[in-house]
Amino acid sequence: MDNNIRTLLTIITELSLESTLVKELKTLGAHGYTITNARGKGSRGVRGADWDVDSNIRVEVLCTAEVAQAIGKRMQDKYYDNYAMVMFSSDVSVFRPEKF
Amino acid sequence: MDNNIRTLLTIITELSLESTLVKELKTLGAHGYTITNARGKGSRGVRGADWDVDSNIRVEVLCTAEVAQAIGKRMQDKYYDNYAMVMFSSDVSVFRPEKF
Amino acid sequence: MDNNIRTLLTIITELSLESTLVKELKTLGAHGYTITNARGKGSRGVRGADWDVDSNIRVEVLCTAEVAQAIGKRMQDKYYDNYAMVMFSSDVSVFRPEKF
Amino acid sequence: MTDPIILFFLFGIIAGLLKSELRLPAQIYDFVSVLLLLAIGLKGGIELAKQPFLTLLPQMVSVFIMGIVLTLIAFPVLLYWGKFKRADAASIAAHYGSVSVGTFAVAVAYMNNNGISFEEHMPLLLVILEIPAILVGIILVRGITKQTQWGKVIHEVFAGRGIMLLLGGLVIGWISGSENLSTITPLFFDLFKGILALFLLEMGLIAASKMSALRQYGIFLIAFGIAMPLLSSVIGTALGLLLGLSIGGTAILATLAASASYIAVPAAMRISVPEANPTLSLTASLGISFPFNVLIGIPLYYEMAVGAHSLFALS
Amino acid sequence: MTDPIILFFLFGIIAGLLKSELRLPAQIYDFVSVLLLLAIGLKGGIELAKQPFLTLLPQMVSVFIMGIVLTLIAFPVLLYWGKFKRADAASIAAHYGSVSVGTFAVAVAYMNNNGISFEEHMPLLLVILEIPAILVGIILVRGITKQTQWGKVIHEVFAGRGIMLLLGGLVIGWISGSENLSTITPLFFDLFKGILALFLLEMGLIAASKMSALRQYGIFLIAFGIAMPLLSSVIGTALGLLLGLSIGGTAILATLAASASYIAVPAAMRISVPEANPTLSLTASLGISFPFNVLIGIPLYYEMAVGAHSLFALS
Amino acid sequence: MTDPIILFFLFGIIAGLLKSELRLPAQIYDFVSVLLLLAIGLKGGIELAKQPFLTLLPQMVSVFIMGIVLTLIAFPVLLYWGKFKRADAASIAAHYGSVSVGTFAVAVAYMNNNGISFEEHMPLLLVILEIPAILVGIILVRGITKQTQWGKVIHEVFAGRGIMLLLGGLVIGWISGSENLSTITPLFFDLFKGILALFLLEMGLIAASKMSALRQYGIFLIAFGIAMPLLSSVIGTALGLLLGLSIGGTAILATLAASASYIAVPAAMRISVPEANPTLSLTASLGISFPFNVLIGIPLYYEMAVGAHSLFALS
């Protein structure tokens, strides 16, 4: 079973960052991603998704621990200080591990 | 790494409960939350999100185990019996743990 | 605590599969499900949710390990080869385990 | 000749019962209902601008009282004959003591279609009638105790989207008057019937989904969902006569009385009387009474108004 | 002078190819297409009300047969020349044997713009032409075996949103007749061209996204996406002549034949022939044939109709 | 008599401050703003079709320069008096050097309401004025260094939804000319005021949410949010005179100068100057300046234009 354990990295951030983020994910070796629209509250206050400007996205990336590390680092270095962003990861068992 | 483990509490419930729930989360010590619109089925039947009345929300809260406990208890005491609601939690490793 | 551990199975697939999938879940013994709209990218390319045809859904099912196994198998046998689909699972501690 | 908007409603019901893929995103429902609520409010407000507000006070007060009475009639019926839990009985009663904006819109369309005139300030009475049933419903469950947070309840009632938009439209229409609004009539008035058709299509789809829940609640709910509107319409007609309303106005007041809420009341009950099962009240209100009123009730209530008026030789 | 709606389509394509941030939420696409489908259905229904249904039977039958023929022509071409897998060949063939409502709407706009009259009941033929290709496509893959759940297929076909709305509109228009619908025309008819412009803007954005997939499928798909509509349009024109349609009607029938489905067929194939790769068929249908028909085909087909009619001195 | 659309804006603000449940899904905001942007672009394009483009060049150039000037005036004020971080000062300055489409639309409505004529090609100037402030804002932070990816910036600016739709509308209107567009006017022009009313209702709700953030940023931001528009309007008026615009045109140019962006600039700054806090600039632009301009500014700027024109006896 072990060989089908992968990391599920979840990034919650600003909608305005979507296209940039998607490019980063590709360059960092993620084979895919899933995005859902979200709203929420955090240290940068309420983001109620009343319009694009204060809408959030919830990005999920299934990948290897290494890729997750790399993405995490890139987010920390380039985006954390300036964008509404929260990130967390956990191990999940995937079907078709070769995909990720 | 241990010191960056937090609890991810997920609550799936009725849209009509959103504003009430958000107030509760604040009073119980959660520093933030993320909400996505959802539809689904459970013991109270299909909630197809055809209109606000039968729409669901999926609320995620990253917090300490204690806060998660407190939220869980409050939900159980005040809302479980009367609202469409499902709740589950798991440990995730967060970046910037000091936030949560 | 152990007795309130359940499997959270997450399936990301095409919107067009929703009604079929929901029927399958029922027959396989899931007591409920939660669906959110999603977009993403994977081996079948970008699915940007610009219209129904290339929209994704993110389906979550809380269930016993057995039911999760059954659903996983059914997806693998009947849908994997022909549909944009990703599936992963993890253990979560649920409140009111008797529901699932 | 049936109004096409009725056909849109039937189309929605049929598409729903056929389990078709015809599901419209909630945002379309939102958009359509926002336009309807604002338009109805604006229409009413324009009329208010034309007459001294105080002259309407008697109507407003008596309609408010009617809301209380209707709820108090429905409650014991549901509690004793229906054997519903107190909270459910009170919640359902509140739905029927209040009004349905959709039903009102169809009634207005019916009058216009048949060239029947009516008091144009009806939207004002519509707003007023929304409220008392909610308060009564809550009191029936909680009693008039300290710990009921009335402030929260009042806010819940007035801050709800439906009443907000109706009130907003009323006030804007009132302040502006018709000629000032002429520039926005193409959206709010010219498109009204078409938007109403879309709205009824969606209501048909929703009603169909509620109907499927019907059998599990049994015959009593169905009977109540038809009998209560009929009874209420009689009361509404009587009040219309007392208030000296025109035939059209009487018919509309009867329709308001007969209609059951599916927006303001469910929302308020969900927060203030959460132990009440919302499926019960919505099944009755949307699955039975709304279709009944739209398809059969309104013409019936009009006939009743005609009969009553001739009976008392008022017109 | 090009119709502005064409410019909206080009604008969408350009914005898409420029990778602009101009993405519209799917709900707007839904809203716009619901209005279009209902409006087209209503328009057709109104015409049906004007003539005995049976007189149209020959046209309906022959159009149904044309749908079968077109699919059976496209299939071998794709299978043998295109070297596609059987399922893919059948699925693509079904797309081209069926119709595109968007293309139809543009053709109607073209006729109106140039004051060309045509048989107004065309939406009826549109609905009918949607269906046979789907059935043929499935049979080409599954054969006529027991285990094909035809009940499910039929439901899939008729319960799809597109056909549901067209049929609903047709029936409502038919029952109501034009004067009864006058109150809803501001939304469904007066706004039609504007809504169509928005729709084409979105279609342009979607088409652009499909075009990017083009190179990976190579030259054959492109060639097919242009040649097939041309061939189909000839067949459509011929049938138009046989049926004694007006020049405008012939041109529209040719357009229907030339157009490739992107709503009903993809949805049905996804469920009934899932092993067929939807990207292939949608790239051809939306990335090539839709733009070709909208930008070049329709005027061409009209000229063809004119030529054919003068040739056979029918008008 | 206040224009009803202003009442819709006030209604939105009040509903927002009352923390009502009146929240509209973002998709409705998208739909409404897409219609507004296209309509404004189309209107402007139609006018461009009427006159040789080159004659407008002087206006275009000087308006472009005005955008630079306004940003360069606001920047030091914010940096030294406001004590903002360089990035924040530059970002806020860029917002005020650019324009707000919503404010422009209200100004146009004001002129039409009072039968004041103005140069109809103003939307062209609107588009041009959106751009320079963004470039200046970025340069103020990054300097003119190699590593700024100007290509990306330019794309960011022009590929943004707002400018894309305005430009698209402009070009389509320009190519088509008014009579060709007549078929789509019911949606884009006849409904314009009504759609604008809905838009202002939403803007009111959003503005209210920004106002709540006001106190935490203190008095300076409020003062700046009122003083800067006033100053800018004077500059706009002066330029209007220089360019020999009509009174109406001068007033609109003053309004453009006074208005602060809340779409194009925030989006561009978020990507190019992410270290700037967007809450600061949006609170000022939406929480203060937008309401100020809509409720007080526009009539004021008109008076200013009248005064200036009579002073210099230009009209």
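First chain written, first letter: the chains are A, B, C, D, E and F, and each begins at residue 1.
Just so it is clear, a residue touches a chain if its C-beta (ideal position, glycine included) is under 8 Å from a C-beta of that chain, and two chains touch if they have at least 3 such contacts.
What you are looking at is a predicted structure, and each value in this text was computed from that prediction instead of being measured.
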| item | value |
| --- | --- |
| Partner chains that chain A and chain E have in common | C, F |
| Steps needed, at minimum, to go from chain C to chain D via contacts | 2 |
| Chains touching both chain A and chain B, listed by label | C |
| Most widely separated chain from chain B, with each centre as the mean of CA atoms | E |
| Chain C against chain B, contact positions shared by both copies (same if over half, else different) | different |
| Whole-Å gap between the CA centroids of chain C and chain E | 34 |
| For chain A paired with chain C, centre-to-centre distance based on mean C-alpha positions, whole Å | 20 |
| Chain B residues counted as touching two or more neighbouring chains | 36-37, 90 |
| Residues of chain F engaged with two or more neighbouring chains | 21, 23-27, 30-31, 186, 191, 267 |
| Which chain pairs touch, all of them | A-B, A-C, A-F, B-C, B-D, C-E, D-E, D-F, E-F |
| Contacting residues of chain E [partner chain D, same complex] | 25-27, 30-31, 34, 155, 158-161, 164-165, 168, 171-172, 175-176, 180-181, 183-188, 191, 267 |
| Residue numbers on chain C that touch chain E, as the complex places them | 14, 16-17, 20, 44-46, 48-53, 55, 79, 81-83 |
| Sites on chain D touched by chain B in the complex | 23-24, 26, 29-30, 202, 205-206, 209, 213, 262-263, 266-267, 270-271, 274-275, 278-279, 282 |
| For the chain C and chain B complex, residues of the former touching the latter | 6, 8, 22, 31-37, 62, 90-96, 99 |
| Chain E residues within the chain F interface of the complex | 1-5, 7-8, 11, 15, 18-25, 27-28, 31, 109, 112-113, 186, 190-191, 193-195, 197-198, 201 |
